[in-house]
Amino acid sequence: MKKIDVFRIEMSSPDDVRGLRGLIDDGSIDPASIVAVLGKTEGNGCVNDFTRGLSTLAFRRLISDATGWSEDEVSKKVAFVMSGGTEGVMSPHATVFCSKEAPGEATAEKTLAVSSGFTREFLPEEQGTMAVVDECRRVTLELMEKAGIEDPADVHFVQIKCPLLTSERIADAKERGFEVVTHDTYESMGYNRGASALGVALALGELEDGSVTDESICADWSLYSKVASTSAGVELLNCEIILMGNSADFDSDFTIGHSVMMDGIDLAAVIESLVNAGMDVVGVPTADQQKKIVNVFAKAEASSTGYVRGRRNTMHTDSDINHTRHARASVGGVISAVVGDPMIYVSGGAEHQGPDGGGPVASIIER
Amino acid sequence: MKKIDVFRIEMSSPDDVRGLRGLIDDGSIDPASIVAVLGKTEGNGCVNDFTRGLSTLAFRRLISDATGWSEDEVSKKVAFVMSGGTEGVMSPHATVFCSKEAPGEATAEKTLAVSSGFTREFLPEEQGTMAVVDECRRVTLELMEKAGIEDPADVHFVQIKCPLLTSERIADAKERGFEVVTHDTYESMGYNRGASALGVALALGELEDGSVTDESICADWSLYSKVASTSAGVELLNCEIILMGNSADFDSDFTIGHSVMMDGIDLAAVIESLVNAGMDVVGVPTADQQKKIVNVFAKAEASSTGYVRGRRNTMHTDSDINHTRHARASVGGVISAVVGDPMIYVSGGAEHQGPDGGGPVASIIER
Amino acid sequence: MKKIDVFRIEMSSPDDVRGLRGLIDDGSIDPASIVAVLGKTEGNGCVNDFTRGLSTLAFRRLISDATGWSEDEVSKKVAFVMSGGTEGVMSPHATVFCSKEAPGEATAEKTLAVSSGFTREFLPEEQGTMAVVDECRRVTLELMEKAGIEDPADVHFVQIKCPLLTSERIADAKERGFEVVTHDTYESMGYNRGASALGVALALGELEDGSVTDESICADWSLYSKVASTSAGVELLNCEIILMGNSADFDSDFTIGHSVMMDGIDLAAVIESLVNAGMDVVGVPTADQQKKIVNVFAKAEASSTGYVRGRRNTMHTDSDINHTRHARASVGGVISAVVGDPMIYVSGGAEHQGPDGGGPVASIIER
Amino acid sequence: MKKIDVFRIEMSSPDDVRGLRGLIDDGSIDPASIVAVLGKTEGNGCVNDFTRGLSTLAFRRLISDATGWSEDEVSKKVAFVMSGGTEGVMSPHATVFCSKEAPGEATAEKTLAVSSGFTREFLPEEQGTMAVVDECRRVTLELMEKAGIEDPADVHFVQIKCPLLTSERIADAKERGFEVVTHDTYESMGYNRGASALGVALALGELEDGSVTDESICADWSLYSKVASTSAGVELLNCEIILMGNSADFDSDFTIGHSVMMDGIDLAAVIESLVNAGMDVVGVPTADQQKKIVNVFAKAEASSTGYVRGRRNTMHTDSDINHTRHARASVGGVISAVVGDPMIYVSGGAEHQGPDGGGPVASIIER
């Protein structure tokens, strides 16, 4: 049997790793058991957000120091997925997942299983194309096996960090005679997020084989995954993937459940994700129930129509604040209010992750 | 007997008054009965937000055209309170209040009463001082009488539009040898919002006579009103006040109730405001109940500590987005999610309006 | 003979028309002689900039009051081109052009001639297409004739205000079964600016007949005008055009000249525009020469490559500030420094107006 | 004799140190000779700008790797001053200063001398007070001696990196019963920049002993240094100081000169700094002269009045973009245009550095 431990750690800045260091120092965490660090950092979450890279650097160095592994080795063993943007009440933090052997015997009960892995690096011209889709699909299937999950229905959240195009990378492709999917660096984030999510959807059978082509990416919004959550960053060239689900191979103290927010104010879906994780919620969670919620992970985006429930909003027409920032702030408020805690994870830009304007939401709770 | 009608009208831009024109044209609204227009416009809600002025101009002109009154006359009869900022899912709109004679007899039941009025204009050096406090207090008391409300407990929302300092106004005071409360134009918004709110608190007996001085304004946060909602704008020099409550002199189809959000994720307070208005909510409102909600009015602000429920947020340290914009986006999400409708009213900057980081919330529902 | 008078008027807010009112009141300006108002207003210059509309509204009403014409009549006689964005040192202001009969006889000397006119309104699906190109071409030719200019080389600046797409307009086209050039409202500004400029280029013979197609717009950057300056705004559906040049039919106290900035720091081009207008500049203008400069009009944009003189900049990768705002701030600094006065006109987004990253610059000076 | 080498290195991101690594690898730079790295990084230059810290981290690690010194040792030997904000055309880069023994004999000619050093760390309650003033004064005097400069007139630029207050640091002071100069984290940057600059002014005799008190800081703008350039960052608690001047003890290939921009469009001062460095400029620098300019360092700020040369600007009333960002973009344009190169250094927030709205400007040129 294996067992997943989950720690939610507050950060006073993107490079603040004192929380994790404390847990290692007091023996709560064996640094060699860490499989993934999922962070919410306080940048703008857009192209020029360097808080993600800074945070990755700080956590990687800490784990390197604590384990004696080189930083390169750490990079190959631990997935660092840093998502920028803590607009509104959201609180910068990291969720650290540790995987270790547990003494117990296998039982019928499925509990939290987490696995992490990596695709190969992508060339600029491959970004946002089927190359990304195919690699993410391949690795997602590997990670299911690694987590002892056979039924795709037991996969509840697949978090991917994917790359983005920069002016330099675009120029590099051009020099070598290749064309990139878009010359707009900000837009390239969406293409990569979308392609990664479609890879998950194919892996889990949410979409049929052959249903996705280069042309579908960021074009056919009817294609989407209900559990993929993808986030782009300037600090990497491959995809880092964290898969979360429930598995009978694991005897963890936690379970996970998910639902899909149909739009940014879908309060019922947030509650449903808790119910699906096994919490018996009537109305909204009680204070006691709130204490058992470890974290909620969700994707947020402005609907492409500019409307929510038939009401116009200004997320797409506000030229001062990016629509991803509007969306995170608003959905972050909704989830924090349900959970009674603003230290939750909402990531922006939900291309092919849930329906247009909505997105997956997953909750980890104590059993 | 009198009667208040309330119309919530969507706006496709700050100067879009087609909705109100349609209601006048089809006879739903007698333009001469309009007492107040409370708008949520799509500017940044800060110093250089000219959408408020543009919207006021458009509505005033429409009512002038429809009534035959000069625009000056309209200004003296109708309170135009435009609050900038529709971050996140919030939808730009105006709530129009009409007051007319109703045939019925007085009953014991108290229903929605709305009155509006104006303070005198303030000199730059008076802005944000006791001059504003005293005038707002005086007019609030007048408006209670006008609305037939004797018990301050029947006042549920007092919306005030107050002025702000500009570089030009500061220079004007200086030339005449006077000092202003602050040289920071953005900060002046807070001083005026705070002073206006304290005037309401004194009028309603929430604070004792003599408890407020120039020194308390934007300094002693223990002093606050639970029903004042104040908003600053560059487009006026006096305060425009809309008072809402329940009165036995009115036979309206609506009632109003309020509560106080203790912080930006106080879901319970939003629901309590509905319950206090007379709605029997268990858990969250049902779809049928949501249809009976006419509008919800709330104030939002970043707590001065930088923390909500012990969790750090970045509203005050984000130098790209003003904290008022963060706060509106987040609280707008929370209320929209409860109400199932993003066309609600959240105004930013809650100085002396509710506790630090929180703010009043009032709901108008159909009886 | 005719004569053009030019007045540069400071504005303390987008709706501040006191300067023009004063000039009318003291007899300096005959309101019936005004042919164009070219404003620089203090919005963000992007999609949700309502300062342009507010300013237009205020000037139109003033001229209506002063002439006794209805506002509709004013709209047909006076071109109001408001360009948003006064980043950096730039100072909000309006340049008012008046055209009147002058007693003198025609001489060989060509002096400032200004004419203004309007295209028809465009449907959403026509925006950013050849429909705009063709109309702008037609009206530019009309305006040359109106200004008594035969040689296209005597045209030095053609300022156009064009429309943009909004979510509502896009939805309207869709409902009627038509497709628009882009679903991104911000991008639609560029398409319309580009199409308008190409219309000017065709009219002036800068480009050959037939060289422009729908496919060239915002795609083939080798096509451009050296005198077109176009600006998009949400407040209109047609194009308003102001043409400036030198003509022997006019006996004005001013002349105009232009040059093309090859990039945003092309100091030499700014000086060349003064020289071309007739000023004898050695090095930089002297203080006396600076006093004779009435205004400088220029276009600014971030080069699509992300580089200026081989040096990377962050205008396109900054997700907090739009690249048009960066470009205006920087070019505004350059021109203000040459002129010794920050009350100059720099408009952003120079698609098909000068080379990539550059733009036309025109100077009006006293003879 | 000693000798200063100066290298200006482009950066493709805040952690891009490939340029410096290349110069070390090809023998151009002896890593042990580096005394200071002065960077211009692409963050917002305000409170939540983590690009400064990221860049410092990357350069420190590289030098540690290259020298074999621990990172702590590097920190004690090399001053890393990273200034955030490359608005407009400005190009992210680092200027690396190396100091080494030179074979020559002392001559009368003074050439570029650079020395660097550090103050002690400051407690939150000391930030922005005389504690900072006194320490900066002390270290500046030390650095003059270290650079072999006796005459303060030979000091042309003193660049200081100072700390700022964060919510956490403010809370820490409060817990220990101390009060900080301001609770506004953004404002704290100004207090520290101002205090540091006043320390320089005292050291150089620009201000008389005893003329500065806690009350003068960010209050009495008549007190200022003409050569101090200070920049605040979240990544340090002490001040790092780089002093530049001309000294007969150095036989460098470069000289430095300075002037003071009286406002943001003071083109003449930029040219004067070149002339003072020894360049014979007539009008504007020629292309050949431009090639001999190594870098220009300047401070920029919005004047507190909101006016430049009597013209209103909107830097202080724009609630979407911080005034420091406006100022950098505009002044960056001016200097780049003179120099013909956008890879120059303009830092924002010039409290007590030059007159209100202006700031020092220094140029290093090849002899």
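Each chain gets a letter, A, B, C and D, in the order it is written, and its residues are counted from 1.
By our rule, a contact is a pair of C-beta atoms (placed from the backbone, for glycine too) under 8 Å apart; a residue touches a chain by one contact, two chains touch by 3 or more.
Molecules present, by chain and UniProt name: A, B, C, D = Cyanuric acid amidohydrolase.
Computed from a predicted structure; not experimentally measured.
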Checklist entry - Where the contacts of chain C and chain D overlap, which chains show up? => result A, B
Checklist entry - Which chain pair shares more contacting C-beta pairs: A-C, or B-C? => result A-C
Next on the checklist: Centre to centre, using CA atoms, which chain is the farthest one from chain C?
Outcome noted: A
Next on the checklist: I need the rotation angle between the copies chain A and chain D from a CA superposition, between 0 and 180°, in steps of 5.
Outcome noted: 180
Next on the checklist: With centres defined as the mean C-alpha position, give me the chain B-chain C separation in Å.
Outcome noted: 40
Checklist entry - What whole-Å value do you get for the distance between chain A and chain C if each is reduced to the mean of its CA atoms? => result 46
Checklist entry - For chain C, what residues touch not just one other chain but two or more? => result 12, 42, 44, 48, 166, 168, 312, 314, 317-318, 320
Checklist entry - When you draw the chains as points and link the ones that touch, which shape shows up: line, ring, star, complete, or other? => result complete
Checklist entry - Where on chain C is chain A touching in the complex? => result 44, 46-49, 166-168, 171, 183-186, 304-307, 312, 314, 316-320, 322
Item to check | chain D residues touching chain A - in the complex, by the definition given at the top | outcome: 12-15, 42-43, 48, 50-51, 53-54, 57, 166, 168, 234, 320
Checklist outcome for this item: Residue positions on chain A within touch of chain B in the complex are 10, 12, 42, 44, 86-92, 264-267, 282-284, 308-309, 311-315, 317-318, 320-321, 325-327, 329-334, 336-338, 340-343
